[in-house]
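When the chains are written out, they are named A, B, C and D in that same order, and each has its own residue count from 1.
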Amino acid sequence: MVLHTLNAAPGSTAFSDCLRLLKQSDILLLLGDGTYAALKGTDGCSELKNSGAEIHLLEPDARAAGIVDRLDMQFKLVDFDTFAALSERCPTQQAWY
Amino acid sequence: MLANSAFDKLGFLRRLSDWTPEVAEQLAASEGIALREQHWELISLIRQYYEEFDSSPAMRPLVKYTAINLGANKGKSMYLLSLFPNSPAKICSKIAGLPKPDNCL
Amino acid sequence: MIYSLLVLSSPCSGQGSGTALRFAESVINRGHQIHRVFFLDEGTLAGAVSMVSPQDESDSVQLWADFGTQHTVELILCVSSALRRGLLDSSEATRYEKTAATIHPVFEISGLGQLVDAALVSDRMITFGG
Amino acid sequence: MTPSNNRSLLVIVRHSPYGSSLARTSLEVALSSATFEQAVALLFMGDGVLHLLPDQDSSGIEARNIAKLIASFPLYELDNLYVDEAALSQYGLALSDLPQNLQAVDDEAMHELLCQHDHCLGF
């Protein structure tokens, strides 16, 4: 189980590279610009959902971006303690940026 | 002989283009080394390494490179240590007029 | 568990460095140990003591320094990345004939071996980039 | 160093060689791991495959030659080198164009690499 952290907007190579290695058994945490990928009804959002991975986004980053009311409901907003908890569950992390 | 001002505080050449075999003698003397044929062989080898790989070698690759180019007898840390005591890769680089290692290898 | 962090982001651009710091605090809150934070590439600017932040913004260097002191976490700046960015401790400043040290004293300058060593002893290695 | 605690490292290079200082830094991390005899593998993924182009000549841009540095990897016994197959074909490159002894990997195999190593350092 890999913890992927993505902080690049959909459309970036970081986003597409991440998507290629995101498996159903993995966890993805969207942070910074990565949170835009959780915008409801966008291509990026459906691509992420198709991966079947468990997906979270960092709440302060999503609030800063002004997208909290436009998110796909399937994704969970999390705080830093939850980020730390996710890292406990996953032996390895890969940072995409 | 280059003036002292040509060397920095650590005794490295300020301008690598100042390097000549005479300067190598001077650099070696400051390390307490009198250059013999075996030293020169290594000095030209490490300059060749720098040319080929655009980087100064750490100890391990230097030993391996020496073994490949000068034979297994010489490609040994003991041999390099006997010529350039304490820290062969660093001291040989210095005498050969290569840049001060900026990395941590 | 034992954690180490690799910070590649500059504190002056983007959120990576600040995110790393808040993550580090949470890791400690959850009862884990942080063995070392290794700052590399643009990340080394986290130790720039001469950085001046506007008064209404947080001082990222001080925040990291406070974190390091409070939790006795090693904060290591990669030497080659640091030197290229003008970041020196007092001994490096003397070695390289520069007028002053430019890193906060809570940070240390050291080699990549410290990153390799951190990876050896840590159960988790978390990278912050971008 | 505590060699009894050996943990394997995967360094992933995803950025192009001369666009930022990050690229060379990532290679130095891999070299450093090899110097300390740490088990390390290097994966060139996405734009990272551009590191492997032969015929690089950086003399005109005040930068050190990345291809030459990569040529020194065997001397560091840095032998576990992987390259993203899809990115190679995206850039019109074939494994046979590349000087290094590399193993081409698909998405599945790359994910497997993430899982096999104790730590991933993504650049």
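Criterion: a residue touches a chain if its C-beta (ideal position, glycine included) is under 8 Å from a C-beta of that chain, and two chains touch if they have at least 3 such contacts.
Note that the structure is a prediction, hence the values are computed from the model and not measured.
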item	value
Interface with more contacting C-beta pairs, comparing A-D to A-C	A-C
Relative to chain C, chain with the most remote C-alpha centre	B
Mean-CA-position distance for chain D and chain C (Å)	25
Distance from the mean Cα position of chain B to that of chain A, given in whole angstrom	50
Set of chain A residues in contact with two or more other chains	14, 91, 93-95, 97
Touching two or more other chains - residue numbers and ranges from chain B	103-105
Shared interface positions of chain C, touching two or more other chains	78, 80, 84, 111-113, 125, 127, 129
List of chain A residues in touch with chain C within their complex	5, 7-8, 14, 31-33, 58, 61, 79-81, 83-85, 87-88, 91, 93-95, 97
Complex interface listing, chain B residues touching chain D	52-55, 57-61, 64-65, 103-105
Of chain C, residues touching chain A in the complex	1, 3, 9, 14-16, 19, 22-23, 25-27, 29-30, 32, 124-130
Touching residues on chain B, where the partner in the complex is chain C	8-10, 102-105
Interfacial residue positions of chain C with respect to chain D in the complex	6, 8, 40-42, 78, 80-81, 84, 111-113, 115-117, 119-122, 125, 127, 129
